[in-house]
Amino acid sequence: MSKFVTKRVLCAAIGALMIGGVGAASAQQAPMMDQKAPMAAPMMADRAKLLTQPGVFGNFSIYKVRPDYMKLSAAERKAAVAEAHMVIDKHKEKVIVDTYLTRGLGASSDYLLRVHSTDMAATQAFLLDWRATRLGMHSDVGENLVGITKALNYITKDKSADLNAGLTSATYSDPAPRYAIVIPVKKDAAWWNMSDEQRLKEIEVHTVPTLQYLVNVKRKLYHSTGLADTDFITYFETADLGAFNNLLISLAKVPENKHHTRWGNPTVLGTIQTPESLVKTLSGM
Amino acid sequence: MSKFVTKRVLCAAIGALMIGGVGAASAQQAPMMDQKAPMAAPMMADRAKLLTQPGVFGNFSIYKVRPDYMKLSAAERKAAVAEAHMVIDKHKEKVIVDTYLTRGLGASSDYLLRVHSTDMAATQAFLLDWRATRLGMHSDVGENLVGITKALNYITKDKSADLNAGLTSATYSDPAPRYAIVIPVKKDAAWWNMSDEQRLKEIEVHTVPTLQYLVNVKRKLYHSTGLADTDFITYFETADLGAFNNLLISLAKVPENKHHTRWGNPTVLGTIQTPESLVKTLSGM
Amino acid sequence: MSKFVTKRVLCAAIGALMIGGVGAASAQQAPMMDQKAPMAAPMMADRAKLLTQPGVFGNFSIYKVRPDYMKLSAAERKAAVAEAHMVIDKHKEKVIVDTYLTRGLGASSDYLLRVHSTDMAATQAFLLDWRATRLGMHSDVGENLVGITKALNYITKDKSADLNAGLTSATYSDPAPRYAIVIPVKKDAAWWNMSDEQRLKEIEVHTVPTLQYLVNVKRKLYHSTGLADTDFITYFETADLGAFNNLLISLAKVPENKHHTRWGNPTVLGTIQTPESLVKTLSGM
Amino acid sequence: MSKFVTKRVLCAAIGALMIGGVGAASAQQAPMMDQKAPMAAPMMADRAKLLTQPGVFGNFSIYKVRPDYMKLSAAERKAAVAEAHMVIDKHKEKVIVDTYLTRGLGASSDYLLRVHSTDMAATQAFLLDWRATRLGMHSDVGENLVGITKALNYITKDKSADLNAGLTSATYSDPAPRYAIVIPVKKDAAWWNMSDEQRLKEIEVHTVPTLQYLVNVKRKLYHSTGLADTDFITYFETADLGAFNNLLISLAKVPENKHHTRWGNPTVLGTIQTPESLVKTLSGM
Amino acid sequence: MSKFVTKRVLCAAIGALMIGGVGAASAQQAPMMDQKAPMAAPMMADRAKLLTQPGVFGNFSIYKVRPDYMKLSAAERKAAVAEAHMVIDKHKEKVIVDTYLTRGLGASSDYLLRVHSTDMAATQAFLLDWRATRLGMHSDVGENLVGITKALNYITKDKSADLNAGLTSATYSDPAPRYAIVIPVKKDAAWWNMSDEQRLKEIEVHTVPTLQYLVNVKRKLYHSTGLADTDFITYFETADLGAFNNLLISLAKVPENKHHTRWGNPTVLGTIQTPESLVKTLSGM
């Protein structure tokens, strides 16, 4: 069975967490950060790039662990921890994996996987292997949304210079995020049938009240129209759930909200975990 | 196996039950109240504060017990009662737990947990441990909503002096509540896009007919936008379900009702129980 | 194991079946009716009062029997019949129970329990015991709605004298009902925001076409706002399903129908059964 | 175990298939038709009458076979074929049963039963017995809709003479139907609140484009308001699914379609089968 | 157990993939293409015709593999691969089968089957046999939609000459598709109640922005009104999911989108697979 070779590799990729490049799995891993530099092998997917560039596929899947998992022997469940690492390690050249514990924070799942890759088939290959692990075999998928990252298309330097400056001037300054939230968003036909100018205006109104939360809530956007039953996957990280609640209330108060046909369903809230801590916890170890 | 050390501790925290500080688990515990003072240890979460202050996280989760639970031996099920106490005791420094029996009063669940803490991760840690108990392992979660308490933001002394006085002048005078009701509330975009003044006016109209029920229905509010697929969790306690029905009809009759996109779904009605009585009942003991 | 001591008791309570006092379990019990008078013990819940007075809680729960029930031995299933009687007998001082077989007449359930009591906790106590019987342990609850009876609040002598006279002048004259139908009703915010006068007018228009069906369809109303995800539970008994279909079509044709956000979902149709015949049938005996 | 005594009986009842008297189970039974006349016993429900007269109850139920059914021994599953016949035979004096294989043609079911009787309790008695057979015990019901036949109430000789003539002049002339389709229909409050004249006009517009499909699609209508969560059950038989698709598109194009709140959900498409072929196929024989 | 006799046969049918004749199972089969010509037996369904002609039935079914499948022995699961081939081979004279792996790319399924035939009963016969294989017996169907192909009915040479020329002038020029997407579409009554001219105009506006994606997204349309709870099944193949996302956004932006009552639910995204690779992967081999 694998020695946890992937652990260092995973940590190695955790870099500057900024807008457009939100990374998970950070808070719990401070002690391992010093192992980061020597391990940056050329064979590994470039976490920083995958989390900041356009054209990257994001895959969000949530799972419930079936009760029979806990009937496996302790040895089997211990092996599950190693297995999870092995599978992440096996695919590390093409995909990066972030893991979240959602049990107790919502009814739809026990855990969440966020997987990035520039090749959706590579992501599928990883998830197939995950589902073949002991834990994966005892997991039922609850939702699985697929999206692609793109360059900003509204609040750009050209179209909305002031707001673009606002977005890029402030940076996250709170303690490392402990929580992540995933909220799928689907818009109605009236939204999509607006002119580009109208939508730009709506997004500007949307953006203004969010600027103040750049310091304590990180965000990342994925485009899903046609790839899943949602138009967008919005992903957030924060250490301050009260601030996050206020941010989302401010987004409820702008006219764009009138065009939401899906906003959540499910809203997925989890604590950011290393794969090891996630699998250990779910395995009762 | 634990002696029910937490029982006294739980009781110790049960204080004055007023608006903004509704506490459960009271009716059944009258004989134990005299143990309260000596047990108020500094290591314990302050129930009175957690139930009255803003910035506290409320976590509501409902469960169905799977049929195979009753196939455990009587000894195992008896141990489940102790386990529940142990787990509540283990987390008593950070979280307080209220328990409700919902079987027979609604189809969505057999029991309800209400957990308060100032740290959502501490709440999650408790719920993970609960799910690892015998009963928890045989429970399927049906809904799990998360919210945060805030200071009153509409009917304040400044904004609506008379109604604020009305809210604070009357107090609950009925026998100790035997029932609790949880009703999730989500509002439409038109509601959130009103000006603050419009919403204040709506809430004033909402508040007037509710004043008469202060004497027989306690209420508490949690804010959930972005944290769950609801905007609010409304929590009630009463000894008089007929009065409660009339209160909710009066709330149906105000214009605010036109902005509800979720009002219930599920409505959770349960009897207030000590953890011991809850687990015993569900364990067939 | 109990001798079916409750059988006589149950029968004893079956009285005049009129509007506001619809009773079930009658058709099959004709031979036992002569046992009625001597058994009317003071310890028993007063069926006639519970079925006619305001302030009574009605609890409607529907169940599916899991397939593993039929894997119990014939002896075990035979014992289930006795158990059902014992449980009903145990609670007979506080609750009355009517039983209906719904399998084959709708997909949502195999059987329906209607329980009345002036104390909801007493109803819960009965249902907890029911769920602990062999049959109950192998039953999954599909819907469970709770309501309270009230005096007529629209078509009263004062407000609508003629229609009130119409309602009280005609009585059920068909053969004893064989079928019961339960239809939950929820109304929209526009309905509740009408003035009392407007709603009275709507209910008058609703009432006119229903008068002709007083002779062949019995009805009873429960109020549920805030107690369940419905505003009303409407309960009917009839021997003539064609007439009932016509009655409901006439109700579809009045403007009130425009305010229904729930009308059924599920519509529960069952045959009226004694507890014994119900449990025997579901037990394959 | 029963010799398939019901087989001849079933066949005996298969008569002229016309509008208002659509019969199933025909295509596969051509070789057995010569047994029809001598078997027409007076004890048997009159198929022709039940399929053409008003006041007859139609009961449509769909089922999925649970995977554990195929774990029964081959002998047990073979016995299931005989059992199905026995049960149909047992009830043949009161109910007639048509059977359809839906697996592979829709996700909601594996098979469909259509049962007619003038007594709903007799239908329930049959379905209870069906559920007690080996196959029935391993079947989960997916939907179960109940309706009653009525005389035409819009396109009558009096109200709409020309269209009535059109409806009655053309008859089905295609090869015997191989497929049946069941589509539940529910109408909105605006539909029911129209005057009778308005609804007649709508139905006339609805009827015109359907006349051309009388030659290749048979239809039958059941009324369900109050008996199930649908207003109508529409039943079709055809040998030409392309023509049926065109017929339904023509019905989508008339204004009546604006009043559909349910049109399908599920749409049930199946091949017409004898009970023997149905049970054999589902039993893997 | 069968030697994979069907493999060559399957490959033999893979022809030119163009609009109106999108074929799956191509990318993975390049090495086998040279076996194509000699194997084109007269007994086999003509893939090219079935994928291009009107009047062909398309059947789309998605499945989840139950966890107990992986508890079968490796030998049993290996046999499942052969079984799948045998079943496809058995029906090859009447039906063609395309297979897709959807696990990891959506929550609704693990795999997708697309089956074409000119006889729906032949398709059903194949799917019944599939469900009787080891894998099929351990699969739960999630959705199963049925449709029929038709000649273009809007953008024809006669009605819309320029757009028709646009549709036929450009051809797919990207690398062989690796992904397929199935999106069910249902339209509202307002859509169907438009005049033919209005709908033609809407479809023209719909078509213009799609022309540029002819080079990298293939499409095929099936008509389902009355045959399933959808009006259309839209099927796509692509190697470029980013382009596909842009195509679907462009379709969201035309007024036709206002008439969608179903657009997805589920959206099914999968990788194109041979039956062998599909079953091997799902069997953990």
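Just so it is clear, A, B, C, D and E label the chains in written order, and each chain counts residues from 1 on its own.
As a working rule, contacts are C-beta pairs under 8 Å (C-beta built on N, C-alpha and C of every residue); 3 or more make two chains touch, one makes a residue touch a chain.
Every value quoted in this text rests on a predicted model; they were computed, and no experiment measured them.
Peer 1: Please identify each chain that touches chain B as well as chain D.
Peer 2: Where chain B and chain D share a partner, that partner set is C.
Peer 1: Could you work out how far the Cα centre of chain D sits from that of chain E, in whole Å?
Peer 2: Here chain D and chain E have centroids separated by 31 Å.
Peer 1: Using the average of all C-alpha atoms in each chain as its centre, how far is it in Å between chain C and chain E?
Peer 2: Averaging C-alpha atoms per chain gives centres 50 Å apart.
Peer 1: Which chain C residues reach two or more other chains?
Peer 2: none
Peer 1: Under that contact definition the chains make a ring. Starting at chain A and heading to chain B next, list them in order.
Peer 2: The cyclic sequence of chains is A, B, C, D, E, beginning at chain A and stepping to chain B.
Peer 1: Quick one: in the complex, what on chain B touches chain A?
Peer 2: Result: residues 55, 57, 59, 61, 66, 120-121, 123-124, 126-128, 131-132, 137-138, 141-144, 146, 148, 189-190, 192-193, 223-229, 231 of chain B touch chain A.
Peer 1: What part of chain C is in contact with chain D in the complex they form?
Peer 2: My answer: residues 67, 70, 101, 103-107, 178-179, 181, 183, 241-242, 244-245, 247-249, 251-255, 257-258, 260, 264-267, 269, 271, 281, 284.
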